[in-house]
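Shared between the two complexes below is chain A, which pairs with chain B and chain C, respectively.
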Partner chain A sequence: MVTKTEETELNRLEIQVDNGGGGAWEYLCLVRKLKVRRSDKVLKHGLSILNDPKKRSNLGPEEWTLYEQVAVAAMDCQCLDVAKDCIKVLQKRFPESKRVGRLEGMLLESKGSWAEAEKAYSSLLEENPFDQVVLKRRVAMAKAQGNMSGAIEWLNKYLETFMADHDAWRELAEIYVSLQMYKQAAYCYEELILSQPTLPLYHLAYAEVLYTLGGLENLQTAKKYYASTIDLTGGKNTRALFGICLCTSAIGQLTKGRNKEEKESPELHSLAATALEKIYKQRAPTKLPLLNSALKGLKI
Partner chain B sequence: MGGELKYEIAQNAYIKLVLHALKHKTAAVNAVLLGRLVTSTDGSHTLQISDAVPLFHSQITLLPPLEIALIQIEEYYGAQDMGIVGYFHANERFDDAELSSVAKNIGDHIYRYFPQAAVILLDNKKLESLPKGKDRSPVMQLYTKDASKNWRHAGSDGSSQLTIKEPSANVVLLDYIASEKWQDIIDFDDHLDDISKDWLNPELFK
Partner chain C sequence: MAEDLVLDTAIRDWVLIPLSVVMVLIGVLRYFVSKLMRSSQVPDSKIVREGQVIVRARNLRAAANYIPAKSFRARKVYFNNEENGLLHVPKGQAQNAQAQMFSDPNMAMDMMKKNLSMIIPQTLTFAWVNFFFSGFVAAKIPFPLTQRFRSMLQNGIDLSTVDVSYVSSRSWYFLNLFGLRGLFSLILGEENATDDTQRMMQMSGFGVDPTKSLGAEKDSLDIVQHEWALPKFEQRAEAVLRKLVS
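Then we have the complex of A and B:
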């Protein structure tokens, strides 16, 4: 996950490098650190360093890290020859290396040789059954072949051992959401909120899943988590503000004709609506009339 | 209604859809199709898809953002005498050519208000081979509701295929792809993350 400041810095560097202003190595290190997927840029700029003997020797021991990074990027862009060359260099320098073994497995994956890749990974796991990267490759392979139930099974097994891996929980949640298995997705987000309660992203995702599940109780809980998202983001999260309005409207529909005590107080809704109007007036004034009629439709 | 219903998509809508999918190559994306049903002097009917609004590229099955998007889109296009006439979907994986249940669900929802609704699925293999040939047909597969209320692949039994209004649309598309125009396209997800980004993409084709 990347913060807005980190993303802005990354984009700034990317534009700089793209336009020949230098800083390629800085950019590649930042991509590695933030774990973002910008494979076409990594491939382009990584190769420009690797193909220049002077630049390459300037890297010192980091040269091998770059070969690895470029190999993975090349596989992502289906430039398998480039990937193979990078891996060959690494094989020569680090014979018998498990880390290079993983790259060989990934190369088999990118060729679509699933059975061979599975064999490669199995043998790596025999030596180290707790190799997180290889275990996750298994999940990725299942997903790549469209075997979603397999991916879910492997990922759940992985999380039994590595239950603190937040990225894995997020991946599982997103797989569940894509399959419309919202209850299971909600469980994943609950785990994430428990372990990192101050990250608004999880509160927001949880609220959206609960709203999608529907039903009065889920809507009421969703509203609470939209509210906590607003709290944690200083009222700046547009999705959460809209969420409050949607929840209030949906709850209102479900509780029509019930006792007055059970009805929700409209304060949160009007606060959210006012906040939305303010934000739109400031930053998207052409959309303000659309916003206003949308909010009118959501009034209880 | 007499005769087979024809399905026609305008170049701008077509290009927007493909560029959106290309911007987010590693995700499933979707869009709504706007337009109207038109009857010509010879009595034939055409579903004209004149515009498209790219919707999401992450967690596309969640309801809240979809509901917000549809409310605003309907409002805007309603004032121009256009309605939501269909749904576009592009699968996450390259070799997945199936219409997912998500796409069918959203299609069903649109069908409830517009019985001639079209569901369009991006054809990844056709898109990949586009630069190699001179094909003028869209890189998409059309699905419509058949008599038993299932989403049926059009063209498999001689029924109407999707056509592009402007015959040179694929040439223009290839041009945009070469210039990486997809970087400029804004979807509703982008708008919700930063509302100063306009999901109408008014400057895209200027």
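Then we have the complex of A and C:
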């Protein structure tokens, strides 16, 4: 996760570097450390260092890390020639290296020659069947080809071994949601909540999946998770506020006519509605009538 | 001791400085030797998996109250059932694991390499120091110390009357052995420093049965009481919103 201070630092450095204020290497280091994806900037500033022999030799052994970083960024920007050059240099320096082998596989992948990339990856896996990066690349490859069921299969295989990897769980959850397999997605989000119980985003996503699944029990649970999202975000998440309203109205429709004994928090939805109104009044006053009519449509 | 011992400057030139220099050189040499001998080790699938299972079970135990009761029960059964639960270790296998570890030639080879790069130079230098410099008072630290430091600073001198601030040569060797880590991380780069203390910890950690931790995790998961925390959140959310609205 990128914290707020880290992000402001990164943005400050980016502006500084963009305006020619130096500090390109620090910026690249920070990008690498935070694992953020700013490929165009990395490509531009990384190349400017690599093309300057003096600056490059100043880096010492870090030079090779930079080559790798630039190669990956170049592939992301589809500058395949640059990537190819970088990989060539790396290969000259580190023949037989698996890390370079990985890059070659990625280059094949970015060219779209899937079969060859697959071949490269499987030969890498033969040497080390637990190379997490290569296993993940396989998933990404299946996904890039639009082969979602393949991606799910690879991911499940990966998670069988590396079951504590929450990023993989998240990816799987998102794939399931995109395929409308909500029950499976719910399981994945539960797993994510378990690994990071204080992250409101997972609570929110779980609530949304449950709401989509429908049914009284699921809706009630969804409402609770929307509530926890509100608690964890301090009521700033409009999505969760809308969710509370929607859940309450859906529950009201389902239990209409029935003798209702639940009513644990009768006030929550009205509070959520007022909070929404307040937020809209502050941030987007022009949209306020829209909100009001939408809320009226939900009236319980 | 009322008056100070005067140390010969030759001791400084021929004991104190050479000892430190030799220790540094040996550290550097050892780093390169171990780098030469290091084999890239493919981690065993079972061990990787077990570690991950334990992390996941621990997460489940710690955050159990954040998922609905039904989901928790399903997971508990998944981890703990007696047939094919992830944490369940069949009885016969528990003993095997250790024997297997020792019979694995790769493991033994690795151990030997570690030993070679750690114990042999250490014994040799210790013998060398002991042989040439035993019984020296090699240095004096510029501040007084209590008697408790005697065993640390005056190893090899059995005189109770010498002031504690004098350091014997053998103790100087030990101080160097454990104190040069900072210097190594400067010379060899941050992660490359040969950290003896850490390695010793690793050595003593070897031989712990991984299946045991699985069993322990299973037991603690068995006794977890599930109490769903989410209903409480509704009230809390209400309080938060009330504050926000007002």
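We take it that the second predicted complex is superposed on the first by the 276 of 300 C-alpha atoms of A that agree within 3 Å, B and C clash if a C-alpha of one lies under 4 Å from a C-alpha of the other, contacts with A are read in each partner's own complex, and residues count from 1 in each chain.
Here is the rule we go by: a residue touches a chain if its C-beta (ideal position, glycine included) is under 8 Å from a C-beta of that chain, and two chains touch if they have at least 3 such contacts.
This one's a predicted model, so the numbers in the text were calculated from it and none came from an experiment.
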So, after the overlay on chain A, do chain B and chain C clash or fit? They fit
Notebook entry, point to check: Does chain B (first) or chain C (second) touch A:T5, or do both, or does neither?
Noted result: neither
Practice problem: Pick one for A:S57: touches chain B only (first), chain C only (second), both, or neither. | Solution: neither
Query raised in the report: Touch check for A:T274: first (chain B), second (chain C), both, or neither?
Result: second
Margin query: If we overlay the two complexes on their shared chain A, which of chain B and chain C does A:S195 touch? Say first, second, both or neither.
Written below: second
Quick one: is A:F242 in contact with chain B, with chain C, with both, or with neither? Answer first, second, both or neither. first
Open item on the list: Applying the document's definition of touch, where does A:S293 land relative to chain B and chain C: first, second, both, or neither?
Closed with: first
Q: May I ask you to decide whether A:T161 touches chain B, chain C, both, or neither, giving the answer as first, second, both or neither?
A: second
* Asked: When the two structures are overlaid on chain A, which partner does A:P129 contact: first (chain B), second (chain C), both, or neither?
  -> second
Could you look at A:D231 and tell me whether it touches chain B, chain C, both or neither (first, second, both, neither)? second
Distance floor for C-alpha atoms, chain B against chain C, superposed on A, in Å, equals 16
Counting only contacts in the complex, chain C reaches chain A at residues 42-43, 45, 48-49, 52-53, 55-56, 59-60, 62-64, 66-68, 71, 230-231, 233-238, 240-245
Per the touch rule, the chain B residues reaching chain A in their complex are 26, 28, 58-65, 67-68, 71-72, 75-76, 92-93, 95-96, 101-102, 105, 191-196, 198
Residue positions on chain A within touch of chain C in the complex are 127-130, 160-165, 187, 190, 193-195, 197, 221, 223-228, 230-231, 234-235, 244, 264-265, 267-268, 271-272, 274-275, 278
Within the complex, chain B is touched by chain A residues 37, 144, 146, 174, 177-178, 180, 205, 207-209, 211-212, 238-239, 242-243, 246, 279-280, 283-284, 286-287, 290-291, 293-294, 297-298
